[in-house]
Structure formats: structure tokens, C-alpha cells
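Labels A, B and C are assigned to the chains in the order they are written; within every chain, residues are numbered from 1.
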């Protein structure tokens, strides 16, 4: 356990070094967040609320999800694993005396914790200062902590599996593209789930992706509150366990393939 | 007028100075500090048509930089440069049409296309008449044995094969000058010899002027009657290779096979470099002793079965020139 | 010169088509990814019953035009993206300068991506839907305006990619910021320009003229007036804006090349 903690801390430290990159990232995320807000302002010209969301709700939600991009909320951003598969470097990793899954999970958590604390929070701050995004209270933050932790876990397991597809397909880019289509839409990143047509909403609620973005964002903003929070966390817990199990199964299959076919 | 004229050529680069520590990074963002690196410092020479010139120097001496200015890739900071009456960096496209360039470490060919397709594209890029293209292609395929891998994508070629393909590609359009930047780097002995004999052949057969930069003396020894020695951006020698060896090589090595393996061959004025049974390598300074005198003295001391006098290694000569500068090597 | 262009991209396309399955998979993926873009717009505008006075079909018209233009720019100009960044990092630009062809031309032909037609197909479907739903009075001038506008839009997007690549001469990596103008521009113009604040509208029409990819043409085709007073004939200025912006990008590129030749890499 100490080993994985060390890996996570090292990943956290590494993330602090790329200052210019994440500053540019914040500006880019903020721009796109602003753009979406402008559209909402036009859409809500008549005022009131639609599907239970007011303009302020929609704006806050947008900034929350934009801030969570660097945590894996919108797309599968990390292709390190699939790259190492393509180059063949991965074989060395698979025979190390640690869990391949846990190793990459620790790395991911370390890096994303940094992103959450610095990149994400700064991005959301811009939303608060210039667009009137809602500032969460202590109750929301308390519920948000486990929610975002579970979200990162689910997001990682999904990303892990998509990257591992490189073991079977030579080029993982097609799989990543398709995965992003699913993730960006059904997680509630592109559009709040409340706006989905009923049929698509039902599909979204049955899939794990909403647990990555929509649920934690809604908890953060207090759009999900009271007993609904417990229900949401339970859903997240379920998916975290399910996807972790699935990821380990995929990993086992990949290992078998490597052993049998030599990578 | 010579084909290539270079006069007082200078090239300076401004390099940002990196500062240490956290505060340093911040200071660098606010006020960059630069230092000027002079890669080429007043280089002058001329090259006539049909010559084969070696441009020799240690790493960082300014060889590649000079070559890049000759090919028009870099703009000189000062000085005059004319190739075939054109100023390379000012009339780049016209200039480049008449020359061939081969970089040792990078390829000019299209990475994922078969070699022959790359050649065909070049035919159109350089507007080579079909007859001329076919004739050249056939000749180079023959000389460089390209046949086996013409259909192979360039990215799958070995270094030696790629080098040969690059050479052919650079000559398809009958350039009057061929510039080569470290053409034999990383190649094995066989491949290197192939490249060298090819270059010798096209220089002889077609009168292509060849300028090659290298730090491999074997290339120079094999190919170039003339060598330009460059160090720290300056020309320190420009002339025939033999003259260099003759003038600046003080040391000779006398290799003797002694009749008596136990005998001590060390006569005054020599240094024993190596001893292997009856054979001894003795180094002597021909400024101080003559070979003849040395042999006489040695023979008087201990019977000699056989002997040869070795010329100085070019490596030694050149190394000592780098280390001491030409003036210090006595004439 | 044109013949050489087709020959060079022909070679690239042939090389890409070698991997047939991968090609089709990526083409379809690009279609789906961009299809998703429109799906989000359609759902949103549908939910709210219109945006800035534009219906779903009218917004589809705008989206179709800008997405189509973007797809052509992507198809043609990819050489200025990741491949160019790699080229600069690995010192391959010297090789480009050793050939008797303009450097811009060489980079342009270095990565022509036929598979980007996936997005083009999607955009055409959206346009088809828009034309079917809307009652556009198709006069000859309107028929001419559509391809003219798409070509102008594609040129503007291409110019943006070139500018992004030129920055590589100084920064070695294409800064993420250029995405704000390319993808950001496409996203912005997916909705009617009139909904944005004045500074944004002015910027994206007269400084980075992405707005010309669809908005003035959309107004003209629908016979609408712009709430902020843009004249109807502005639609015909799209080619002018495109050419002016491209000229700017090319000047900047030439400047970048001259910097490269005087400082090396």
C-alpha cells in the first residue's frame, strides 16, 4: 500500500512541473465554458427554468463540468497506457511485482488530485467571479468529496479498459474516439441530463458514465440534495466496483494474450 | 570564377540562458537573458568545379552550420557566399534545384511510401525529363544495388539501405554539386565502403563537385584530395591531405622484428610504444632523428630481422592540430 | 503546380488507404463525433423552442455550413497540425528547405486526410435536413452563395491552422490556445452570431473572420435581417475576408520561415 501511495505522490509532484501547460489549459477550458454560457444566456432569454434548471443552474453546471475535464469528466485524455502497448514497453510493466491496475490507478489519482485542487478549482473560480456560478456550501462540499473520489475511480477504470484495447486492435485511436463519443454525451458533460429527451435519459441513467460527471457535479452544486445524495453515492459505489472488476477481467485477458502470443 | 565562393562567413546564434531554481524560472519569464554563440567565425574558401572536398572537424566545430548556409537553409550573420553565381538563402528554390543534399541522420524521402514512389515523386518535383530519369535510375540502381528494396517503404529500410536510397535521390536530377552531411555516420564497414566508392565513381564519371562534412578520417583519406579543417568556427587548414600529413606529422613509427625476442631496442630518441614478442613499435620524432640513422643504430645494437616505417596516423595529426593549433606544430 | 499538388496528395491517400479497415472505422468515427455535436445543438435548441429567434432547422443551416467548411479544412490542412510539430521537433524542416518547392506547399501536401470526409458527410446530412425543412427561395445568387461560403469558411479555418503551426517556430509545440480559435470558432458559429455580445461578434467577424463561414450567408439565404444591423450584402464579402485572412497567415508563415533560417532550431 505504501508503494502505491508513493506512486501517487510522485505523479502529483510531476503534475506541478508543467506550469505553462496547465495555465494554458485553464484558459482554454474557461473559454469554452464561457462560450457555452453565452449560448445558455440566449436560450434563457425568456427567463424562468426549463426541465427544472434555471439559467444560474445551467451556468453553474457548465462551469462545474468544465472544471472537471482534467479529472476525466469529458474525455479519455490519457493515452499513456495504449502508447506503451504500441511501443511494446508495456511488457516490462506487466511482469513487475505489483498490480498493473493499481499502479496506473495510483498514478492517475495522483495526477488528477493535483488537477482537481489547482486546475479545476481555478477554472471554477473564473466561473464564480465572471459568470455568477454558484458557490457550494459546506454540506455540498462534504458530500462532494466521496463523490469525486468515486468518479475518478470509475473514470480511471473506463479509461484503463479503453487503453487496453490496444492489445487487440493495433491502433487504439478508433476505440478512444468511440469511447469519447459515449463518455462525453452520456456522462452529462455536453448536456445536463435533465435536457435529454426521455428515451435518452433512461439510457443515460442505466450507464456508468453519468457517475463520472453528472452525479458529482450535481452534488457539488446542491442540485442533488438530501436523501438523493445517498442514492447517487450508492449508484457511484456500484459502478466503481463493477468497472473495477471489469477492468481487472480485461487486464487478465490481456495478460493471457501476451503470454500466449508474446505481445 | 570558382563554383563555390565563401568569404568572411559568420554565423551567430542567440541562445537563451537557463536560470536555476524556482525564482530563476520566474525571472526568465520576465526578462530573458541571452548569450551569443559564434558557430562560424570568419570562414573563407573557394571550391572549383569537379573537386571533392572534405570538411573535417570535431563535433560543434561549425561544419553542419557551414553546410546549412551553403545549401540555403540558414542565413549567414555576415560574409559573402555564392554557389554557381547564386546566393543560396536569397534564391533558395533556384539554388536547391541545382544541388543535391544528403543528411546523414535524416532522410529526404517520404517516410511511408515505397522507395521507388519517392523517386518518382522527386522526378516531378525536380522536373526531370523521363529519359534522363530512367537512365539515372538504372545507373544508380546498378552502382548502389537498390534493386532488392525499391518496393519497400522507406521506414522499413535499414540505415545502410536508406543512405543509398538518399544518395540516389539526391542525384536523380543531375545536380552539379552534392552536399553531404556526415554520410557514413552509423554505418558498418561494408556499407561505408560502398558509399565511398559510389561517391568516388560519380565524381570521376560525371564530374559532380562533392562537399562532404565528416569527422571520420577514413572518409577523407579514401575520397578527398583536399581537406578543410575547421575548429571552433575557424578554418585552421585548407589544402591537400598528403601535405597535411607530410608537414604536420612529426612522428613516425618504426616497426621492427628483432632476431632476439629478449633484446632491448630502445635507442635514444625513440619511445617504445608496444612490444609483442619479437616485434616492437618504436616512435621517433623525425625532426630530431632520421629513419636511416635510427635503423643503423638499432641494427648495431641488436640484429633486426625485418622492419617497416609507418606514416603518422591522420588521427594523431589532426588531434594534435585541434589540441595545439597549427602554429604550435613546428614545420 | 496543381498537377504536382494532386500527385503528392495522391501518394499520401494511397498510403493511407493501405489500411482499409482502419480508414473506414475512423471515417465513421469522425462522422459520429461531429454528429454528436449537432445532436446536442438540436436537443438544446429544441428544448428551448429556439435560440435568439432561430429555430432548430435554421440553426441546422448554420451548423451545416460551418461544419462542412471545417471538415474540408481538416482534410486539407492536417499537415500543419501534429505532423508539423513533430517535424520541427525532430529537425526535419531542414529537409523541407532542401527541396525546390515552397515550404508552405510542402507542408500542405504532407498530410491530406481523406477520412475527414466523415464529418463532411455528416454536415451534408444536416444541411440536407435544413434545406428540406426551411423554405428558402432558391434564386441563382443563393445557389452560388452556398459553395462560395463553404469555400471561404474552409479557407479561414485553414488559415487558422497555418497560424497555429507558424507559432511552432518559436514555441516548438503548437500551443493549445489555437484550439480556442479553430474548435472554439466552429462551436461559436454553430449558433447564430447575433446571440453573442458585441465584442465577441466583432472579433469573430472582423479580426478572426470565422463568422463569415456561415452567419451572413445564413441571413441572406433566409432573407432575414440581422438584429444588430449587419447589411445583407456582407454575405458576399466572405471570399474577401477569407483571402485577406489567408494572406495574413501566409505572411506570418513566411516570417516564421525567415526566423527559422536565421536562428536554426
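The rule we apply is simple: a contact is a pair of C-beta atoms (placed from the backbone, for glycine too) under 8 Å apart; a residue touches a chain by one contact, two chains touch by 3 or more.
Keep in mind that this is a model prediction, so the values were computed, not measured.
The chain occupying the central position, as judged from C-alpha centroids, is C.
In terms of the distance between Cα centroids, subunit C is separated most widely from B.
Look at where the CA atoms of subunit B average out and do the same for subunit C: the two points lie 48 Å apart.
Subunit A and subunit C have CA centres that are 29 Å apart.
Mean C-alpha position of subunit A lies 56 Å from that of subunit B.
On subunit B, the positions that touch subunit C within their shared complex are 13-14, 65, 68, 71-75, 89, 92-94, 96-97, 101, 103, 106-108, 110, 112-113, 117, 121, 124-126. If you check the complex, the residues on subunit C that touch subunit A are 22, 25-26, 29-30, 32-33, 36, 39-40, 43-45, 47-48, 51-52, 175-177, 179-180, 184, 187-188, 191, 195-197, 200. On subunit A, the positions that touch subunit C within their shared complex are 21, 24-25, 27-28, 31-32, 35, 38-39, 41-45, 50-51, 171, 173-174, 177-178, 180-181, 184-185, 190-191, 195-197. Partner subunit B is touched in their complex by these residues of subunit C: 3-4, 7-8, 11, 15, 90-92, 94-95, 97-102, 258, 261-264.
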